[in-house]
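Both complexes below contain subunit A, partnered by subunit B and then by subunit C.
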Partner chain A sequence: MASSEKKHTPLLHIVKRDPGTLTWGYKLLVRGIAILAALVVCGVLITLLTGENPVVVYGSMISGVFGTSRRVWNMLQGVAILLCVSLAVTPAFKMKFWNIGAEGQVLISGLACVAAMMFLGDVLPLGLLIVVMVAASVLAGMIWAVLPAIFKAYWNTNETLFTLMMNYVATQLVAYFLKVFVKNGSGVLTPMPEFGLPVIGGQAYLLNVLIVLVLTILVYVYLKFSKQGYEITIVGESENTARYIGINVKKVVIRTMLISGAVCGLAGLLLVGGTNHTISTTTVGGRGFTAIMVSWLGKFDPLYMVLTSFLIIFLEMGSQQVSTDFRISSSISSIVTGIILLFIIGCEFFLQYRVVFRKNRKENV
Partner chain B sequence: MERPLALECRGITKTFGSVVANKNCDLQVYHGEILAILGENGSGKTTLMNMVAGIYFPDEGQIYVDGKEVTIASPKDAFSYRIGMIHQHFKLVDVFTACENVALGVEDKGRYRLADVRRKVIEITQRYGFVIDPDKRVADMSVSEKQTVEIIKVLYRGADILILDEPTAVLTPQETEKLFNVLRRMREDNKSVIIITHKLHEVLSLSDRVAVLRRGEYVGTVQTAEADENSLTEMMMGVKVELNIHRSEPKDTKERLVVKNLHSVNDEGKPVLNGVSFTAYSGEILGIAGIAGSGQRELLESIAGLYHLTEGEITYIDPKTDAHENLRDKTPIEIRDLGVRLSFVPEDRLGMGLVGNMDIVDNMMLRSYQKGRGMFLHRREPRDLAQHIIEDLQVVTPGASTPVRQLSGGNVQKVLVGREIAAAPSVLMAAYPVRGLDVNASYTIYNLLNHQKEQGVAVIFVGEDLDVLMELCDRIMVINSGMVTGIVDGRTARKDEIGLLMTKSNKEGE
Partner chain C sequence: MKKLFALLLAVVMVLSMVACGAKKEETNGDEAKGMTESPLASKEITKDFEIKADFKIGFICLHDEKSTYDKNFLDAADEAIKALGLTKDQYIIKTNVPEGKECYEAAADLVDQGCNIVFANSFGHEDFMLQAAKEFPEVQFCHATGYKAHLENVANYHNAFASIYEGRYLAGIAAGMKLNEMIEAKKITAEEAKMGYVGAFTYAEVISGYSSFYLGAKSVCPSVTMEVQFTGSWYDAVEEQNAAEALIARKCVLISQHADSMGAPGACEAAGVPNVSYNGATFEACPETFIVSSRIDWAPYFAYIIKCFNTGATIDTDWCGGINEGSVVLTGINQNAAAKGTLEAIKTAVEDLKSGKVKVFDTKNFTVEGAAVTGDAVVDGIFEESKTQSAPYFDLKIDGITRLNEKF
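Let's turn to the complex of A and B:
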């Protein structure tokens, strides 16, 4: 009688973990297993789909990132720009302000920067021009970020939609700019490296990397040790608590988005003034969205985000190398990237929950 | 005569992380009886019943319905065994009528016919004596009507075992009596009714048997006829407890906070404060009694500068300078900048008074983080304060850097009250500060409040347990529907007198 009912007992059920009981080593173990499992699954998939030896494929991946010093510099540059955008969105996300408009905020700052280069490049001495470029980029980023914040603070509009829409406005403005101001009508703006940020140490990307390094430390200290960073945490955790201790939530939202926009402005400056010296509608290339993932994966901690942005760039560059080396479609590399990310994000589940399997009840045996 | 069992639980255990909600609980319910499940807050009553209703799944143990072992993995399973639960928080669709809500989610074969549902609803209301208009929209209903809809919903689905989770918490005494009559009629109809409560007089007036839980463990079941308040309290607490709070005579009382004619409306434009006036004196505890939701929260929040007033005046009298400050329409920061030392222990501890994901040190800073120069935080003082509170109030925690969310309810409250008292207040407001706390933790809080009173602080204490209010407070102000219906002396007041005041304006108004 009892056994006939037993089959209805769920095979497993899920129990929330007490976060205090997890040791550091255990977390590392779970994450290590996740990455290993991801590599194995990808390996099987690669062999099945392409017939290549997965070990060789992984070797090509690593060489695509570390193979030559040029590749290493490309990687550093990639990490720097992505990290810069991630640092920009982090204060907003920590405040639970869903800013998915970093793409547009970076692009519009790039536009401001390129406009300064184009129209003032011949007029101003280089030193002054760079000051204007910095100011224009930062200001443009701040304006693009603060508009949704003001509307959110005063009229409680939905910041997700607002920031998303601002992306399209920025893209169209860039398209318009290229149409009107590129005289030959090709829509492609010739790079203007002569008006770019200075090259130091003979390395084109060194300045970018150093700036982002300093920025990372600044954002880390700001979020963790400043009074404003503390306010951001409280507004994000509980608006009621913020109210209770008299924090002006509107002010914090607007101020934080100004900072977020300013950092996006810096990213735009580095992309346009420090790297491309030109602009197109795809200059930001989705980094504004990838940055959201970097920020979340890094749990809003700028130091962890260095690692997560490296991971993303590593996967991106490595898989590009794989598709070149083995002449396979770049979709394979997207699949590999997707699987690895899925495993890394998925293993968080096992850190937060415990799966309990059905026990054989003694009275039924 | 041995009657057949409707429901039986054997050895039920449920843990959440490291918290044991139920440990090896047994329970037996017969057909045609009303069983009360009695226990303090946090003793695991609701969790146990949630497992019977399919909300949670037990870690260990078995449930039997009509003597057969069953597995209840979802509320749907529970309904298939004719078990229905009425939760404390109603789950109704506001824009639907009573009938539509009842029809919602019922998987009948064939077409959806509201007329059939309506007929059956009316049949149920007549059978058990409910008073409800089946075509009234839930949005227009009173709390008691909403509860009625929830009960009908469960009956409509054919439940024979009804579980009610603290059904009287939101009801006036008259509504409670009506509900009890309905429940008695269900018993006559051979249904099993389980009522979760921590109110002794309800247990005694309604139930046939009482099952008692204490700290997640099953203590035992007794016949109500053979029990009295003392024996039940003893079962609940584990030891013979007499509410005996040391209450000193107020001395050196001076006007500290004068509140005049406060009016306020909520988001929906309904009045929540209707001309509240009172004076709080230094060196005394002013209790505030009333049915839940009578304006207690709004009153305290408006004094703390968190709730907008449409009318009225709040005057604070500085103990040192005797200066009068008007606090109305000032933000908490402006109030603090005036030098007003107002501490507030809100009802919602982790959602308002503290930030659950932050550690104890960072929570200590909440009120004071702006102190000190520069743009950086100064964590040394809060760290010392955290250590100090952990030691003085015996907070059980792995350390000062543990997120407060991981602490038990009593320890969370110690952290919160400790912080508010550390600000050396001249007015201390506490809303339901012992809710969910065990007896020891409750007494720690009472003693802290008493100590503040002896230090000359004006203490305002919003409570729900009249016995405690009468033991602790010097004066008790009773409010109902945002109005003060009376202020009585805590030493001489009688319970029935306060109870009458709690519902006074209702009788006059409706």
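Let's turn to the complex of A and C:
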């Protein structure tokens, strides 16, 4: 065949980057372009579907988050709670332990907290009551998290299914205890703000925000600079390596899940004791799952996760405002959120790989 | 080539799904063939007062128009807004507000934006509305389906409901006439006249609803009995369908429901069993089995609170709209399924209820464990539903109705 000498070169091919070669500026540029492109695509889509001016729509989004001081506080509170749950799942994920049970772990802690408020509120002085609330929440979260960890460590059960199933158990327990706690059959437990965590500085959410701020730094230091944090990383990279260098994998798995559960317990405490002062089956509201996204997007780095949880809350509150202002279906807001997240995740591709185009054809012949 | 084909196939599938999804939207087919006029249509709202320039009303809804429950509120809000000529900056509608602290924040945000009235539509919103009401005494807070206004004594907090039990009673008459028709046609004996009812929870709201439905049917078909199956959810299409199918298997010859999905009506259409619906007509989806449906029209309440604010009147602590206020409405009657003369019979019953000649919970007409009912709520032989609070509280286990399960 005459053409056998002709070389086939593809139009483009993809080359893995050496992570060391990336500069800060380049990373920022790629991410900036991704967000800009997402906004343009969403803008076009909004105009096509609803006929609204996209600039006005984005304006409404921003005003929904920063428009009044109340909205700013709501945003801070939203970020704090979501970040708290995300910080809880991060050590486990870093260890490649797929804990998708944060929803249940937070909810069961909330239940423990509300039970303490109900039955001990009148008995104990407030200071002691708060100590009990903290202990009950943290302990409940730890129990809910450590059960799947023990089964994983000793019998190698599937932690994803186990933690997922524990969510349903927690939800049903809350439903059951609401029937027991609430005598009038309405299924709604009246809030008990008198037994809540103290309000500082006249701002209902300031305490929550400060606690999560401290927690963020603690988790950052723990993962980055402690021996235990290092062990988590090694177990995550390769269990065999970990075993080889003398790390007790079982111990690390159980210990890490205890920490995960304790932080979930804290989230339950803040959500019930510090915010709602009551509980329902929807109190956690899917944060246990959103937290997984926050954690992944933030590359398991607590400092990045501050940004990613802000991004999620911004999109959530912003799109809520858009559907209120323009009376467009909340589906549109979900579409916009989806597109923006897709672009942000998608741009990581360009940070890890390089696209090389085919050189001029004549050179090849 | 294979890849291209697969891609094309995928695109076609996605497009066809979109096309199928789009069809489901419009189901308000009252004028469609087979339907009569409504024996109890919604009332026109008349504007006989001036709206103040700085007036603003805020609505808080648990879900959005995708839920039939919330759509009923949103449609009513739109109707009231249109009839009273509110401008675009005189109302704000917030949807998808959960039953938690978020509800308080939404209410406070509406106050920040200058709302004089804040309305919320879900039972679980109540405590958070109350919290906001205490914090902002100059703003009126109105809450549908709640019960705490007369207990809490907060001057600017109000509850509202409708005497939907009257609507259920009227729908029950249509059911009873259908049973009579079956008995006359010798399809069933008088003893086999058994209805099935799919309820959400074993709450007073549901109990009051199915009891009045049963009493309506009994007023024309004395031998009727009824079985109730609870699903434990306000919206669960699969559970509701299963419950309806189970009731049909237990030889229930007519089904009604108090839950928000198309599960029960769909099961009835598939089995060819007549269905009395709720919250709007299911005629389009069930042309052969849908008989009639009752619902609460919230537009009169919205018009009422807006009028109160703008004329300086006080809003009732507990407001319960009835037939006269236009709060209880019925759809047209589907002649494909209903017995002959149903329209006329319901029209007569509407007049009787209006004049007070007939009372739904007349203790002459029902017993509990064989005995007549007495107690605080019974005045002159009538169980006075929705008198001391607007939300329903009739929760007696009256004879003739069997609960197959309980779900709280």
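Just so it is clear, the second predicted complex is superposed on the first by the 348 of 365 C-alpha atoms of A that agree within 3 Å, B and C clash if a C-alpha of one lies under 4 Å from a C-alpha of the other, contacts with A are read in each partner's own complex, and residues count from 1 in each chain.
Just so we're on the same page, a contact is a pair of C-beta atoms (placed from the backbone, for glycine too) under 8 Å apart; a residue touches a chain by one contact, two chains touch by 3 or more.
The structure displayed is predicted, hence computed values, not measured ones.
In the superposed model, A:Val180 makes contact with neither subunit B nor subunit C. Contacts of A:Lys16 after superposition on the shared chain: subunit B is touched, whereas subunit C is not.
After overlaying the two complexes on the shared chain, residue contacts for A:Val123 are found with neither subunit B nor subunit C. In the superposed model, A:Thr233 lies in contact with subunit B only, and not with subunit C. Of the two partner chains, neither subunit B nor subunit C is touched by A:Val55.
For subunit A, the partner that touches more of its residues is B, with subunit B and subunit C as the two candidates. When the two structures are aligned on the shared chain, A:Tyr244 is found in touch with subunit B, with no touch to subunit C.
In the superposition on chain A, no subunit A position is in contact with subunit B in one complex as well as with subunit C in the other. Considering their complex, residues 68, 70-71, 74, 179, 185-188, 190-191, 193, 275-276, 278, 280, 282-283, 285, 320, 323-324, 327, 329-330 of subunit A touch subunit C. Subunit B contributes residues 15-19, 57, 59, 62, 68-71, 73, 304-306, 331-336, 344, 346, 348, 351-358, 362, 365-367, 369-370, 375-377, 398, 402-403, 406 to its touches with subunit A in the complex. Touching subunit A in their complex are the following residues of subunit C: 64-66, 92-96, 98-101, 105, 108-109, 112, 123-124, 126-128, 131, 147, 201-204, 408. Those residues of subunit A that touch subunit B in the complex are listed here as 1-2, 5-6, 8-10, 13, 15-21, 225-228, 230-231, 233-234, 237-238, 240-241, 243-246, 248, 356, 361.
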